[in-house]
Every structure is written in structure tokens, then in C-alpha cells.
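Next up, some structures in C-alpha cells.
First chain A sits with chain B, and in the next complex the same chain sits with chain C.
Up next is the complex of A and B:
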């Protein structure tokens, strides 16, 4: 049968296996890198109606997150401040800055400033800010170092596995609730001490982050 | 030489005293057919022109298969609400049809694996077809679990059915019998496919050579590709037979394991009528029973159409009928035993379930099941029935119907009447379910017609080993 197939065809199965491995590997790596939220969503930084700088307010001036996002400890939803909150200071400072015109208009008319939402939890996910804050999950865990951002962007993937990484090992992340808004804080004694301390918090506060489907998909 | 077969005087005296009955081994290939005749007969089907009846049947099968395509497309595009499922019967035709088709698959593996290990030579001429039936019915069965959730992409995305890292950080629940199903059925499907293919390699080599001689490079190339360089050397045969034997060993486990695991879908739950230890053997015997009925349903017309009377003899059909009888009787035993255990267990819920099955809202289904599965096979006690092929064909159709109703009875009656009378309901299918199920018969026969047209439907190399010519004694050795 030498006329039907050349001798080189003996290598065909191995070649096919090699091709399948290369194509499969490239496809898997490509999908893993390009088609997951860590690539698609991280870095999302829309243009806001007012170029509000968190780096200036929260970083340089040292304002507490809760001065503006005042309901975060009490409510499931972390509120965006009303223009009245802005005007507490800005009726004294930079009163005629053209950049602040939308805030003054909003204050006068009562219509909210049309801020663009960045961190979006899908509507099939239940997420409650207050319970996380009360049990010492810092803002920085999900939002990154907002105190260093001139323009806020999404810093973490916020995928389901991102949530589960913490829900499965909360001791790696939780801290004294007094320190939740200190975005620069890291356990000064290192990672080992963080886990030891975290385990104590988990035990003392009876932290039981849900891992069942219905914990978040209610 | 002759001294070896000479019988001593004392032996002859004993033989005269004992007077053993003459019980000659049945001839498996009639009319002393030669090896060349067998090759011509089987390859002739593939090499000849496509007959008109094939085109007609294929067109009809495709149209019927279209019903499944329409049903599934509507399901996926609209949602699972288009099926008749509703609480409390959240499972119905999806799993009924799945178990029905998976059950049918089992006869193929039994014929090709267990009968191979037990050296039942009559398996040779029918194992290829039986195993094709296995593979095609697994394909039909797999459609239902893959598509019944509506979100079909979940069947392939990592982390849902198959454990693989994914962006959701989730993992299949290995404590769930449904996850065991995924592995059982996939293992079964792949082992059966490999078994079928390995057995076919020598025959594919024959087809390659024949097409090459005719100068048909294309077909020769295609068969040659799948023949994987088969030359029929002694070395090839040694490896081939060892591989085949090992696969037969693995396949033997599958015959018992797969339907046991399918039965765990029910047995590991707490629903009355499901939570019983008899389920694994009950499902396995039911599966083999339905499978043998389907093998007969396929073999009898195939034998007539292709004039395979010399390969598939009355003896073959007789053997198949006897196994069907044994399995059918086992199934009947299981039906009765369920009642005895329900009574002896003294659990009021269990007792109610069985009374409800027999005399409740779905009693019509129960009695269809009972008469088709328990009474029908009893005809096979009679030699006259076992040699009346038209009658056998009719009986097997009844068994096929009965075995579908068995799954319907088990699943629907238990769910529709569970612990809470406040949540009792009556399930009836929607037109979408009916069309989808009907369509799978089209898929099944379509695949079978392709098999008839393009593959050696009788394992030539195996059948040749059981001909009279292959016997060094020419069949005269007693």
C-alpha cells in the first residue's frame, strides 16, 4: 500500500496531537486572558461630569470615605453623595470654579449630578456594603487605592471567584473595623500576623461568609 | 495422527452405557460460506449503488430528526417553561428519555463485551450492529441532560458539568448523583466508541484495499486513514486482540456500572418509590431488557433487507430471545419485589406510593408498563414464538414501549404524589417535549442508515473465525 500513503504519514498522529495541544493551549490561554472580567472590566474609567479627584480629597486632604459615602455602614448600598454634601465645602472654596458648575446647578435645581457608575454588581447578585464594613472588610479590598486615583477606575475584577477568594478565606483580608477606611493600612507585622489576627476576628465575630449559591444569588 | 482420535475400547464401553445425547454445536454461518463470499457480501453493500429505499428512509429520518431540532431550538431560545414541567414534577420527559436511551445502549455492550469474555461465538455477526446501537443511543440520551437546562452553554463551560478552573471560582458537586452521571455516561460513550472502532480496524483495512484496487483513491484514503495502517500481520493481530480483550474487560464493568449510577439519580434521593436499594440491579436488568428488545427490532429488518440469513441465523435470534426472556422476567421480579418491600418496610409513604402507582391517577401508565414488560417476554418461553420473526418483531416493539413507560411510571408518579398533599399535581407533557422526543428516533435511525451505508455492518474478520472453513476439523470435531 506504499502508493496510497507516503511514509511520512506515520508521524501524522503525533503531528495532530501536537497541533491539538498548541491550538488548545493557545485558545485556553487566550480565553483566560482576554475573555474574563479581569481583562474586560479592570481599568474601566469613564469620563465623569465633574473631574472629581479622589487623590486630592481622600488622599491629600485626608477626608474619610464616609464623609461623602455616608450610608455605607448602615445600608446595603454605598451612596454617591448629593450635591448638598459637596456644597458643604464648596460654598466656601472655589465658589466660581467653572469645573464645579454642574454641582452648583444641581444644588440650585435639585436634579442630581449624572455621575457614571463604575463598580456594577449584576442584578442577580445580592451585595450588602454594611455587613462587609461592619466585619472589617476594607474599601481597598474591592475598590483598590481610590485615595491615589485622580480619575476613579475599576481596580479589581469583581468576578465571582474574586468574591469567593475572600469568602473562602476571610482571615486573609479582615481587619479591625476602625481601620476599614484607611486604604494604606497593611498589617505592620506582616502577612502571617494578618492571618493569625484575622482568624481571631473570624472566630470572635462569628464571621460565616456564605459559600452556597443562595448566599448571593437570592 | 489417527492414534490421537482413536477411542479406546474401555471408553467406548462407557459411552455405550451412558449413551450421551447428541448435542451438536449450532452452525453459526450457514451454507458453508467461504471467506471470499463473506467479504463480497459485506463490502458489496458499501461498494454498491445507494438503493432507493435508503434515500427514502434517510429523508424520512431527517425530517423526524428535524422535530428534535425544532424542539430544542425553541427550548433554548425561549426557556425551560416551554416544557410541561412544573412543581412538583420538576423532572419528567427529560430524564425519562435520557434513561430510556441510556438503557437501550446497554445491550450493545453486553453483546460485545460480556459475550466476548464468555466466548459466546454467536455474538460475532451481531456485535457491530449492537454496538452501533449503543453509541447512537448514548448520543440520543446525551441530548436531554445537555439541553434540558435551557442554558446549553452551561454544558460546556468549565466548572458546571466538567471540573476545570473558571472565572466563577466554582466546582461541580461531587456528592451529587447527577455529577456521577456525567462521568458514567461520558466514560461509557468514549469506551464504547473506542471498542467499536478498534473492532472495526481490520475490516476498514479490507475496504481500503478493495477501493484501492478499484482505483478509488478518495474512498481508499478515507478508509485507509481510519484503518491506521492495518496490514493484517501476525504482530498486528496479537496487539489488536489484546486491545480488544482489554476493552471487553472495561466494557463489562460498564454494563453494570452505568445504569447503576443512573439509578442513583433516584435511589440517593428521599422521594418515596425512589429511595430503594433494589434500584441498581433493577435498572441494569431493565436496561439490558430494553436493549435486547431494541437489538431485535433493528436486527430483524436488517437481516431481511440485506439478506443476512446466513450470518444472523434462527439460532442467533433464538439466543437473543432467551436473554430477553431472562431479563424481562428479572424486571417483573423487581416490580413485584418493590411491592413486597413497600409492604414489609411498613413505611406508610412508601406503601401509598405503590398503591397510587397501581390504582392512582397514572394507573393507565402502570398497566401499560406491566403488561408490556412482564407479560410480553413470557411468550419467549415457546420455541414456536422464538422462530416466528414477525411475531418477535411485534413483541419487541411492545417491550420498547413498556420500558419507556417504566421510566415514566417511576419518575412521574413518585414526584406528582410526594409527601405533601398540598403540593400534589398532575404532570402532562407539552407538544414541545413530545416533538423533541419523537425527533430523537429520527436522529437514531439517521445515524443507523449512515452506518448501514458506509461501514462494514457485519464484522467480517470475526465472522470468518467462526465459519466451518476456519475450523481445522471442518466442523466435524465432536
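Up next is the complex of A and C:
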């Protein structure tokens, strides 16, 4: 009687095990890479009702972030500007531009321009802009170089571990609050000086970023 | 086995080419793999609401509403309660004339001046220019004539009237009241006065201790 199975079949269980390990590895790598906000959220650049360019206004014109996001120092919420803020200049500049029609309509009617929110924190996260601005955490730390973006996209993952990276070592990021809206600023004396100066700021201002759950979740 | 490996490799390449890399720019809304409690039945500021006809969660104030004690610090009403002090909140004296100088509630010192400079640089300089000469950056982009602070009309204008201009706007300039709180408006005025003085300064205004730095005798 001929053999039902060739001899090579003896190796099959090991081959199957090896293949299972490969599949497991690929699946783990795939989930680690893809199943996180670094993949899901970063790069989100929705189409806005008005193609407002931050690169032009904040970069080329050098307008301060707070000209438009005027409540960021006073409030937990960094506001989208009123249409009146746009009209400060656009009642004289590019008054006929069809691209600005939604702003003019909004100014005339009082209905808001339907801007699309980009950086979406989950509803169980209570992030406060004003405390971060007041203690020298720059806009650029979480939003990236918006002054170079024609269309704003989410630049950082904004995951909880992203928050904790700074909450555990604020001296790496903290700077003179006068410089928070200067998105191009980097400590001119280098990284070592940044940490030294940062430690001083942390000490002098009694900065104690919470790492407990209730610091950010309620 | 070789075919299995090849097929697996092909599947991985296929998955990566469909899913792309991290951080690539896309107009698609974020994927929510596990929504958890990301969206709760509550409104955040400037949010949308399907409940109201105009679609916004922030409700406009009904006519005649007065904000309750916004700058009141304690339980008892003080001068700032409901903006009761006309000189601070309107720049007007009791007889309706513009306040000249600064109201009593404001203390002009170096700190106040620094605040004024800070606010001026953010909210005023884009049009009025860092020196207050009307040559802000917007001028290059077609902004109409922005007046210079350094003519006699504005140099002699009462502080209260400048306050009123910031609060309510004038001509093409719109109200800046939502950006500058009353105390900040006074701080900006103090800084504008400093700019005016600097623009019309002479060698005699330089303090003796600094004359050497400028090569003056």
C-alpha cells in the first residue's frame, strides 16, 4: 500500500505554527500602526466653507493668533472668530471676493459661518486652553506650525500619551508666556538650555501638571 | 508554502496601499475605531445643535438682556458691577463729556503700560502699525487710509473719546469691544499716549542717565 501522506507532511505542524506567528506579528504591527489616533486623526484637513489660509494671515502678515482666537487666554475654549473679526479688514480688502461670501452673509445675518472643527477632543476630556497659554505652553506644541499651513490639518496625535509626554516632563516644552504665539520660536540656546530654563519656569510658577485621571477627566 | 508566503506578502502590500501611511493629509473625517463615550449628550462651546432652528448650541441673547455681574468680584455689587461706573466703562464724565486722563479705577504704571503694549501689538498694530503711524501690514493689501496717531487731532483727543472709538468703532474701524476688556482698552490708550509722545519727542525728553547711550550731551 502506498503511503497516504508524503514525508514532508511531518513538518506541516511546525510550518503552520511558524505561519501563525508571522500572521500574529503582522496583525500586531498593523494594529499598532493603524489602530491609533496617530493614523486615524493626524492629517485631517476638512474642506472649510471659506478657504482661509493661516499661512497668509498668521505667516505672511504676521498677525498674532490671538487677533482672531481672542478668548484663548481667558477661556478653556479657543474660539473660532466672529465674522466681525474677519470684517475688520475684509470690509475694505477683497470686498467682492466670492470666496468671502459666506463671511459677508454671516456678518449681515448673524448666522455663524459653518466652520468644520478639526481638533476633536473626546467629550470626556476637559482641556483648558487658557491655563496652558498662561503657563507658556505654545500653540505649536499641540497644533504644529499652523502659520505655514494653507489648509489646516491636525498635526499631532493628541492622544492621552501625547498629553502625558508633556505632563510628565513639562520643562521640555514650557517657555516664556510672551512667546506662546510665536510658532517659529525654538530655544536659541539649544535643547539643554531649554530644559534648564524650563525647570526654572516650572519651579517659579509652581507648575504641577496633573497626572491623575481627574486632572483631565470628570 | 511558497504560495502562502507570497499571498501573505501580497495581502500586506495591498493593505498598506489601501490604508496608506500615518499623517497623510486627507479630507476624510477621522476614523473612530472605538467610539467609547467620545460623543456625549452635552454641548460644548460653539457647537452645533440639531434642536434649535438656527443649528447652534450657543444661544444668542434675547433683546434687553444685561449680563449678570460679570466683573463683580464678591457678593455685593461694586463699581464695576453691571458696568455702573460710566467713566471706566463708557469713558464719559457725569455731565456726558469725554473723560480726559484716566478714570480713577485705572492705575497707570509700568505693568499697565506693558499690558497695553502687548494688547496693542496683537489687536491694533496690524492696521495702525507698530508705531501708530497708520502703516500697518494691512495697508500693503489694500486697507484704506488708516489715520496716524501723530497729528494734532488725535494727540489732543480726550482719552474717553479714544475709549469710545475702541468700544464702538468709527468709520471703517469696527468695534473691538469683544477683544479688549475695558481695563485693556485703557491700557491700550496709555500705550498709544506713549507712542504719541515718542513720535514727537525731542532730545530734551531723553533722561540724563540715557543720553550717553544715544550719543547726546
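One rule holds for everything that comes next: the second predicted complex is superposed on the first by the 197 of 218 C-alpha atoms of A that agree within 3 Å, B and C clash if a C-alpha of one lies under 4 Å from a C-alpha of the other, contacts with A are read in each partner's own complex, and residues count from 1 in each chain.
To be clear about the criterion, contacts are C-beta pairs under 8 Å (C-beta built on N, C-alpha and C of every residue); 3 or more make two chains touch, one makes a residue touch a chain.
Predicted model, so just to flag it, every value in this text is computed and none were measured.
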Of chain C and chain B, partner touching more chain A residues: C
Partner chain(s) touched by A:10 [first = chain B, second = chain C, both, neither]: first
Which superposed partner A:99 touches (first chain B, second chain C, both, neither): neither
A:179 touches, of chain B and chain C: first, second, both or neither? neither
Chain B versus chain C as contact partner of A:23, first or second or both or neither: second
Partner chain in contact with A:70 - chain B first, chain C second, else both or neither: second
First, second, both or neither for A:131, with chain B first and chain C second: neither
Touching partner for A:164 - first (chain B), second (chain C), both, neither: first
Set of chain A residues, in rising order, touched by both chain B and chain C: 37-38
Chain C - residues contacting chain A, complex: 1, 4, 8, 12, 15, 19, 22-33, 36-40, 42, 44-46, 54, 56, 60, 118, 121-123, 126-127, 137-138, 141-144, 172-175, 178-179
Residues of chain A that touch chain B when the two form their complex: 1, 3-5, 10, 36-38, 157, 159-165
Residue ranges of chain B in contact with chain A within the complex: 166-170, 208-209, 212, 217, 220-221, 224, 229, 231
Chain C-facing residues of chain A, complex: 15, 19, 22-23, 26, 30, 33-35, 37-47, 61-64, 66-67, 70, 75, 77, 79-80, 82, 84-85, 87-89, 91-94, 110-112, 120, 122-124, 151, 153-154, 178
